[in-house]
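This is the structure, below, for whatever I ask next.
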Amino acid sequence: MPQVKLLDVTKHYGKVTAVDHLSLTIEDQEMVTLLGPSGCGKTTTLRCIAGFIVPDAGHIFIGDQDVTYVPPERRDIGFVFQNFALWPHMTVYQNLAFGLRLRRLRRDEIKARVHETLALVRMTGLEDRYPRQLSGGQQQRVALARALVLHPRVLLLDEPLSNLDAKLREEMRFEIRELQRKLKITAVYVTHDQAEALVLSDRIAILNRGHIEQIGTPQEIYQRPKSQFVASFVGLCSFVEGYVEGTSAERVLVRTEDGLAIEVIAEGLSQGQAVTLALRPESVEVLWTKPAHNKNVFPAELTRFAYLGETLDCWLKVGKWDIRAHLPVPQIQTLSSQLWVQLNPERIIVIPH
Amino acid sequence: MGIKCFKLIFKVFIAALFLFILIGPLSSVVLWSIAIKWYWPHVLPQEIGLAYWKQALGLQRDWAIAAVSIWDAFKASMIVAVVATIVTMALAIPAAYALARFHLPFKALFLLLFLMPKVFPQQPIFVNLLPVFTRWGLAGTLPGVMLIHILVCLLFGTWISTSAFKAIPESLEEAARSVGATKWQAFWRILMPLAAPGLLVSTVFVFVTSLTEFTGTFFLGLPFVTTLPMLLYSASGYNMQFASVLALVLLVPSLLFMIMTERIFRPEYLGSVGR
Amino acid sequence: MRSGRSEAKRKGGGASLPLPLLLLLPATSFILVLYIYPLVLSITRSFTLGPESLTLANYAKAWALYKKDIIFTIEVAFLGTLLAIILGLALACYARISRSRVAHFVNSLSRLTIFLPYVIVGQMMRSFLAPHGFLNIILANMKLVDLDSPIQFFNIRGLLLGFLWKEIPFVSFLVSSSLQVIDDCYLEAARSVGAKTRHVVLNILIPMIKPTIIIAGVLTFCTIVSTFTLPYMLVTESPTMVTVDIAHRVTYFRDYGVANALGVLLYLLAAPMAVYYLRRMVREKIYGY
């Protein structure tokens, strides 16, 4: 299974630049997710890899082959569409067999491959059904099977789960990931759902306005986002702006303009440097009474809360900043407006400007 | 590279051939209408002029030029078309409303009745109406021709109007009823204004169909009623130029209709113009 | 007094016709008198000869006199429909798949012909296809034809050309609207499994619009069988279409028996397609629209 390489790929639509000098390498047998809001260029990029779109500039390599101008039917890819795109006038069997027949495989070979792939997606026995007779989840599996039955070099998935309901989406995530691992196939996955990206990927590429903001493993993206955009796109995040006041070993003191002094752990910062602190709910502890010490402890006012079942989602005002935190629910009867927050320096994300 | 070139040349050739076959007959007629002298093997007429046009429009009278004033035939066509359109729409609109909005007993039978003329040959109908019309004193008269035109146009008038009504959601009339309007008021104040564009298309379509109708008029209008299509047919027997002028004159309403209704197409209905 | 009025209302309400039927009455009676009545006449008269009212003599005579024309009509109808479907489909599919503006332009331009009545088409074809008409002259200038023996078109060739001139764009028009509804993703999915253009057209596009293709074929066939104007203006040799023979029979011989026999034969020719079409349309309009 070869790697996929995009080199400086650019695509314009009129005045809009959908993909802006994008370079990306997907390693052999790796599953990379392109994640981002709508309009960020992730689908356009995927379709360039597939060949449905020809980029205005740049090159795309599958393995050693420059496929930039090769039509999709000769790229040996498998594509899974958002709306499944199962041919309604063909049965499940015929949908899968179509590509195999084009390659002139023998009847018995086609039969064997189709059954083998259907078993892989757990759809055995439904060969003679028509797509309209299948549920959404079943159609999705058949769409996946159709892409896999050809043993393609690369598997491309365009938001395949967004047409399914929440519970089904969760189940299918794991199935897709396991299939990809089992078949050891290089895959590129496009989604706007960050939970999906975190579960499925070896690496995630966050796209914004046609370029990659950050690429890394799910842990890197979540725990060490390099920009405010990435931090807020994956996981919940509150932001506090300040500047570096003092450094000693790894401990850095950040002063906000309304006078709060927050201790964080970071390296390579200089005195006076402006930074943005990203606070995930797990770095914020809500306290009912003022603790004895005052390191990273601040008074907070509860402005809003929402009952989520297992936690209470709270919006707190600390100084002039809005901070979001989660309270374990059993504490609900002692809720009062005046609370205290304690920030864990080890969990605060520092984004230098 | 060579194959790509060849493919391109092939495509251009096919497109050119296609365009030629499409435009050829049209240009032939245009050229003939302004030709005074045109002998083969010349590709273009040797002498061109507007004599035939002028003669047809009654602006001159030269016995050397075999064209007659078309105004009488034009008048006849117009009168027939106007009356036929009015009567057709008067019959079609209520029928369309009934078909679009109500659950009818024997609906299938009515649908059948209104659909049959589209697929069964109509000529035997005209042929058999001839003795009937003769008995009733309608053969070769203007009212007789009007009746035939109404018959031919009723089909399209009804179906296009039905689509026009069906396109408006019933909930709009129901909303009117819920604030106190009667069925009649809901029809006039809600449905009709909204369906008006579609009904207009239907009316224009019926009008154009009547103007260009030939077969029925041929069997039942001869020998006294001459409409423009009849004139065209007889001219095509003895004079190319005059016939071409007439063909172009008759072209105008069809083209205008097509331009006018670019947006409100109903393929199966519109495709059956001008049998 | 009040009770009297309401009683009258109740009585009146039960006895009068429901509104929809009333609305349909004028149009329906018109069609019954001016369409169904002569239709019935055409069938009964075909079996009438002189005093006898149930004889096949007319049919025998019709067949004896016009055998060649009947066969000719069948040939032209089938051939014309087949060609119209194949070429109309090709045009529409090509315009659907290709991005080239030329294809779209040609496709839209051809729509022009759909709205021209056959009487105008007849005249156009007469001038275009005449022995020394436009086409022959142009071909002669390209040295493809000798004007002393030009290509004769006032026969099946010209007739088919005339019919196809209108019917190919018509089929393309009908088919195009169905093609527009097909989402691009089905075509892309086919490409992603290795299908080239011809595979996409034959295996995906065409099967997905089969019903529309059949309707287009039915309408084209019935049109060709029923048209009188075009063969009347264009075909000077024998054989010609049955519709022309019907006209001759009536105009020159006043022979309604044979004319109607020919008419009934035309009904029978159109019948299978017509019945299929009517059944489908009625079902569609009653149960779904």
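Letters A, B and C mark the chains in the order given here, with residues in each chain numbered from 1 onward.
Simple rule for what comes next: a residue touches a chain if its C-beta (ideal position, glycine included) is under 8 Å from a C-beta of that chain, and two chains touch if they have at least 3 such contacts.
The structure displayed is predicted, hence computed values, not measured ones.
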Checklist entry - When you draw the chains as points and link the ones that touch, which shape shows up: line, ring, star, complete, or other? => result line
Item to check | Chain nearest the overall Cα centroid | outcome: C
Next on the checklist: Taking the mean of the CA coordinates per chain, how far is chain A from chain B in Å?
Outcome noted: 60
Item to check | chain A-chain C separation of Cα centroids, rounded to whole Å | outcome: 57
Item to check | CA centroid of chain B to CA centroid of chain C, Å | outcome: 15
Checklist entry - Listing for chain C: what residues touch at least two other chains? => result none
Checklist outcome for this item: In the complex, the residues of chain B that touch chain C are 11, 15, 18-19, 21-22, 24-29, 31-32, 40-43, 90-92, 94-95, 97-99, 101-102, 104-105, 107-108, 110-132, 147-148, 150-151, 154, 158, 166, 212-215, 218-219, 229, 232-233, 236, 240, 243-244, 246-247, 250-251, 254-255, 257-258, 265, 267-268, 270-275
Item to check | chain B contact footprint on chain C (complex, rising order) | outcome: 19-21, 23-24, 26-28, 30-32, 34-39, 41-42, 45, 100, 102-103, 106, 109-128, 132-138, 140-141, 147, 161, 165, 170, 173-174, 177, 215, 218-219, 222-223, 225-229, 233, 243, 246-247, 250, 256, 259-260, 263-264, 266-267, 270, 273-274, 277-278, 281-282, 285-286, 289
Checklist entry - Any idea which chain A residues touch chain C in the complex? => result 50-52, 71-74, 76-79, 81, 83, 85-89, 98-99, 102-103, 146-147, 150
Next on the checklist: Applying the document's contact rule, which stretches of chain C touch chain A when the two form their complex?
Outcome noted: 183, 185-186, 188-196, 199, 203-204, 207-208, 210
